[in-house]
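Got a structure for you, written out below as structure tokens; questions coming shortly.
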Amino acid sequence: MTDLAIIAAISIFTAGLTVAFGAIGPALGEGRAAAQALSAIAQQPDAGPTLSRTLFVSLAMIESTAIYCFVVAMILIFANPFWNAALELAKTAGQ
Amino acid sequence: MTDLAIIAAISIFTAGLTVAFGAIGPALGEGRAAAQALSAIAQQPDAGPTLSRTLFVSLAMIESTAIYCFVVAMILIFANPFWNAALELAKTAGQ
Amino acid sequence: MTDLAIIAAISIFTAGLTVAFGAIGPALGEGRAAAQALSAIAQQPDAGPTLSRTLFVSLAMIESTAIYCFVVAMILIFANPFWNAALELAKTAGQ
Amino acid sequence: MTDLAIIAAISIFTAGLTVAFGAIGPALGEGRAAAQALSAIAQQPDAGPTLSRTLFVSLAMIESTAIYCFVVAMILIFANPFWNAALELAKTAGQ
Amino acid sequence: MTDLAIIAAISIFTAGLTVAFGAIGPALGEGRAAAQALSAIAQQPDAGPTLSRTLFVSLAMIESTAIYCFVVAMILIFANPFWNAALELAKTAGQ
Amino acid sequence: MTDLAIIAAISIFTAGLTVAFGAIGPALGEGRAAAQALSAIAQQPDAGPTLSRTLFVSLAMIESTAIYCFVVAMILIFANPFWNAALELAKTAGQ
Amino acid sequence: MTDLAIIAAISIFTAGLTVAFGAIGPALGEGRAAAQALSAIAQQPDAGPTLSRTLFVSLAMIESTAIYCFVVAMILIFANPFWNAALELAKTAGQ
Amino acid sequence: MTDLAIIAAISIFTAGLTVAFGAIGPALGEGRAAAQALSAIAQQPDAGPTLSRTLFVSLAMIESTAIYCFVVAMILIFANPFWNAALELAKTAGQ
Amino acid sequence: MTDLAIIAAISIFTAGLTVAFGAIGPALGEGRAAAQALSAIAQQPDAGPTLSRTLFVSLAMIESTAIYCFVVAMILIFANPFWNAALELAKTAGQ
Amino acid sequence: MTDLAIIAAISIFTAGLTVAFGAIGPALGEGRAAAQALSAIAQQPDAGPTLSRTLFVSLAMIESTAIYCFVVAMILIFANPFWNAALELAKTAGQ
Amino acid sequence: MTDLAIIAAISIFTAGLTVAFGAIGPALGEGRAAAQALSAIAQQPDAGPTLSRTLFVSLAMIESTAIYCFVVAMILIFANPFWNAALELAKTAGQ
Amino acid sequence: MTDLAIIAAISIFTAGLTVAFGAIGPALGEGRAAAQALSAIAQQPDAGPTLSRTLFVSLAMIESTAIYCFVVAMILIFANPFWNAALELAKTAGQ
Amino acid sequence: MTDLAIIAAISIFTAGLTVAFGAIGPALGEGRAAAQALSAIAQQPDAGPTLSRTLFVSLAMIESTAIYCFVVAMILIFANPFWNAALELAKTAGQ
Amino acid sequence: MTDLAIIAAISIFTAGLTVAFGAIGPALGEGRAAAQALSAIAQQPDAGPTLSRTLFVSLAMIESTAIYCFVVAMILIFANPFWNAALELAKTAGQ
């Protein structure tokens, strides 16, 4: 098992794990916020615009944590500095 | 166990894991939001269109985290940069 | 343990795992949404059609995450690119 | 431990695991939906037919995720492409 | 540890695991549905027959997931295709 | 560690595990159903016979999943086809 | 580590595990049923005999799953067919 | 590590585990039943004797599962048939 | 690692584990019973003596499961039959 | 790794584990009882002395399980019979 | 497996893990705060600005813990002092 | 890995583990008691002194379990009898 | 695997773990406090300033535990005394 | 892997673990107490000073368990007696 294979394997596994576990919290949190928003609109239809605005700001805030995870996964797959360094090392040396 | 086999095995396992665990959070979150929407419509039928619109925007937002997972799984299966690099290395060298 | 066996074993295990764990979230989420829909119809029978429509759209949305899992499992069993590549390698070389 | 044994062992284990874990979510979800349906019928007996119809559609939808798991388990036991490929390889070659 | 022993051991373990874990979900789901049915009958005795009928259909639906597990366990013990194939291989070859 | 010992050890362990874990779900489910039945009888004493009948049918249904587990455990201990096959193999061959 | 030691060790461990884990579900389920019975008697003292009878039938039903576990544990310790077979084998052969 | 040491170690570990885990369920179940009994007596002091009697029968029933565990643990420590058999074997043979 | 060391290590570990895990259930159960007793006394001060008596009997019953664990732990540390047997064996033989 | 080191390491680890896990249950149980006592005093200030007395007896009862754990941990650190026996053995023999 | 590969693999894995698990808590906490804010606005629309301001300050406070995680992950990927030190060591020495 | 290193490593790990896990229960229990105390004071301000006194006695009681853990951790770090014994052994003998 | 690599790997992993798990508790606790604050402001708008002040003090108190974790993670990455000592040892000796 | 590296690695890992897990309980407990305090102030604004005082004493009490963890982590990093002893041993001897 060469060094390159180790790094590739770990990067692949981590990318998937990151985006999968990173989806659990935001999805549950957004579900809760959205559910309460719907309940609130039904209870006080006149405050609909205020509630919608607050909901969307909150959803964006919560979504941000999911996006952090997605960004890290993308970096690990397509712009992984450790992989690049290892590739260079493998090219210059006969490994 | 060659390097190619390691990378393939990890990619397969991670793709399945990602999409399976990535489905738990969104499904539960959407279930909660939808349940509350139905309860809200029953409570205030006049606000139905507003509630439906808010529900669908929320569902789309929550679904996005599931789609991140699906996208990562598809990338790992069909456009895996590590697999491509390993295949090239295996072809140029006698492995 | 040849490379082919590793990839086959991992594919089989991942396919089952994916579809099994991918069924937990959607089933619970759909159960919740359906339960609330039934409760809402009993509370406001006049809004039945609206509630049914909203329920079925929501169920379809939630079911989609289960279908992602089923699709990935089917790809892993019947259209696995890693398995095909490994089979070709095994045929061209004496392994 | 030959390759055939590995694939057989993994297939057996995965088939059982898939159908066992795939039964948890749907059973709980169906239990919840059915419980609420019974409660709704008691609360509003006049809406019985509508409630029954909605319940059965929902149960079918939830059951589908359990059936995905059963289908995958049956494929793994009786129509496993990896096992067939491994059997052929074992016959053609002296292994 | 011969191949036959591996397959036998895995089959035995999986059969027990499948039926044990496959019993948790249905038992809990049926308990919930039955509990709510009893509560509903007490609340609305006149709707007894309707409630009983709905309960039994639901119990049958939920029980089906437990039966899938029992079927798979029985197949693994008494009609295991991998075991049969391995037995034949062991007889034809001196292994 | 001979093959016979492996199969015996796995059979013993699985039998115990199956009956132990298989008891958790049914016991909890039956406890819930019985609890609600007692509450329902107290609330509506006139519906006692109907409630008792419904309770006993439900308990029998739930108990069935525990009995599946007990049956599988007994088969594994006293009528284990893999053990019989292994005993025969051990007798015919000097192993 | 001889075969006899393996089988003895596994039997001991499984017997303890079975009776320990098999006690969790029934104890919780019986606790729930008994708690509700006490609450029901307090609420409707006139239905005391009916409630007591229903409670005892339910407790017996739930206790049965604990007794399955106890029976399996006793079989494993005092009437273990695998141990007997292994003892005979050890006596006839010098192993 | 001789056979005697293995059997002794497993027996010690299992005895402790059995009595420790076997205490969790009954303790929680008894706590629940007792709590509800106290609440019921406060609510309906006139039914005190009936409630006390029902409580003590229930506690005895729940305690029985803890006693099964204690009995098994005592058997494993002081009347372990496997240990006795192993001791005899060790004495007759020089092992 | 001699046999004596194994038995000593397992005994120490099991004694601690037994008393630690055996404390969780009783402590929680007693906490629940005591909490409800306090609530009941506040609700019905006239029934104080009856409630106290019932509480103390229940606490004693629940405490018994913790005492089983403590007894087993003390036996394992100070009156361990396996340790005594192993010590004798080590003295008679040169080990 | 000499026998002395094994016994010392296990004793240290077990002592910490015992007191740490043994603190969880009692702390939660005492928190619950205390919380309810405060609520009860606020609801019925006249019953304050009775409530305080009942609370302190209950807290002492619950604390006893934590003290069992502390006692076992202290025995394992400062009066460990296995350690003493092992030290003697190490002194008499050259080990 | 060279030192460089170890450090790279651990850094990749830790970065993903950090940002994934670090997203669970904040997302759930923000979901809860936002849900309650929406409920509060519906209940008291006049206090909307105060509620929004308090909500946004709270969200920022909670988000800060997610940002700690993101910062640590970025440091581990792009400014890892251990990786830099290891690279220098690898360059100066022939390793 | 010398004996000294093993004992040191285990002591360090156990000290941290003990104080970390030992903090979970007391913190949650104290949080619950304090929360209820605040609620009780708001409900019955006149009983403030009694409530405060009861709260502080309870907090001290609960804190005691955390202090047991802290004491054990400190003993393991600064007054570890096994470490002292091992140091002496290492000095007298050349090990 | 040299000593330097071990220390670097453990430091990286621990830093990520610390900040990730250390974010869960504070985020949930702050979410709960903020949610209740919003609910309290809606219920009693006149007490807004008092509530805000109490909320911010509480949030700062809770945040402090997250900051402990962040500080430890930063120390482990940028001011790790063990790493410095190991680097010095590696420089002075040829290792 | 020298003894020094083991002790350093364990110390680093334990320090992080201690402060991370030690933050979960206090943060949740403080969140609960603060939430209830805010609710209590809104319900009874006149008792504000008493409630604030009680809250701050309680928060300090709960925070103390987090500080125990922080202190232990700091001792492990900056004043570790085992590390000092190991360093001295390594200096006096040639290791």
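All chains are identified by letter, namely A, B, C, D, E, F, G, H, I, J, K, L, M and N, in their written order; residue positions are counted from 1 within each chain.
FYI, a residue touches a chain if its C-beta (ideal position, glycine included) is under 8 Å from a C-beta of that chain, and two chains touch if they have at least 3 such contacts.
On a predicted model such as this, the values are computed, not experimentally measured, just so you know.
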For subunit A and subunit H, the touch-path distance in steps comes out at 7
Label-sorted list of chains bordering both subunit A and subunit K is none
Distance between the CA centroids of subunit E and subunit J (whole Å) is 43
Averaging C-alpha coordinates per chain, one finds the centres of subunit D and subunit E separated by a number of Å equal to 11
Chain-centre distance (mean CA atoms) for subunit B and subunit N, in whole Å, is 37
Among subunit L residues, those touching two or more other chains are 1, 11, 13, 15, 17, 19-22, 24-26, 28-32, 35-37, 39, 41, 43, 55, 59, 66, 69, 73
Among line, ring, star, complete and other, the chain contact graph is ring
Read round the cycle from subunit F toward subunit G, the chains appear as F, G, H, I, J, L, N, M, K, A, B, C, D, E
Listed in rising order, the residues of subunit K that touch subunit A in the complex are 1-2, 4-5, 8-9, 11-13, 15-17, 19-32, 34-39, 41-43, 45, 48, 52, 55-56, 59, 63, 66, 69-70, 73, 77-78, 83, 87
Subunit C residues touching subunit B in their complex are 1, 3, 6-7, 10-11, 13-15, 17-22, 24-26, 28-33, 35-37, 39-41, 43-44, 46-47, 50-51, 54-55, 57-59, 61-62, 64-66, 68-69, 72-73, 75-76, 80-82, 85-86, 89
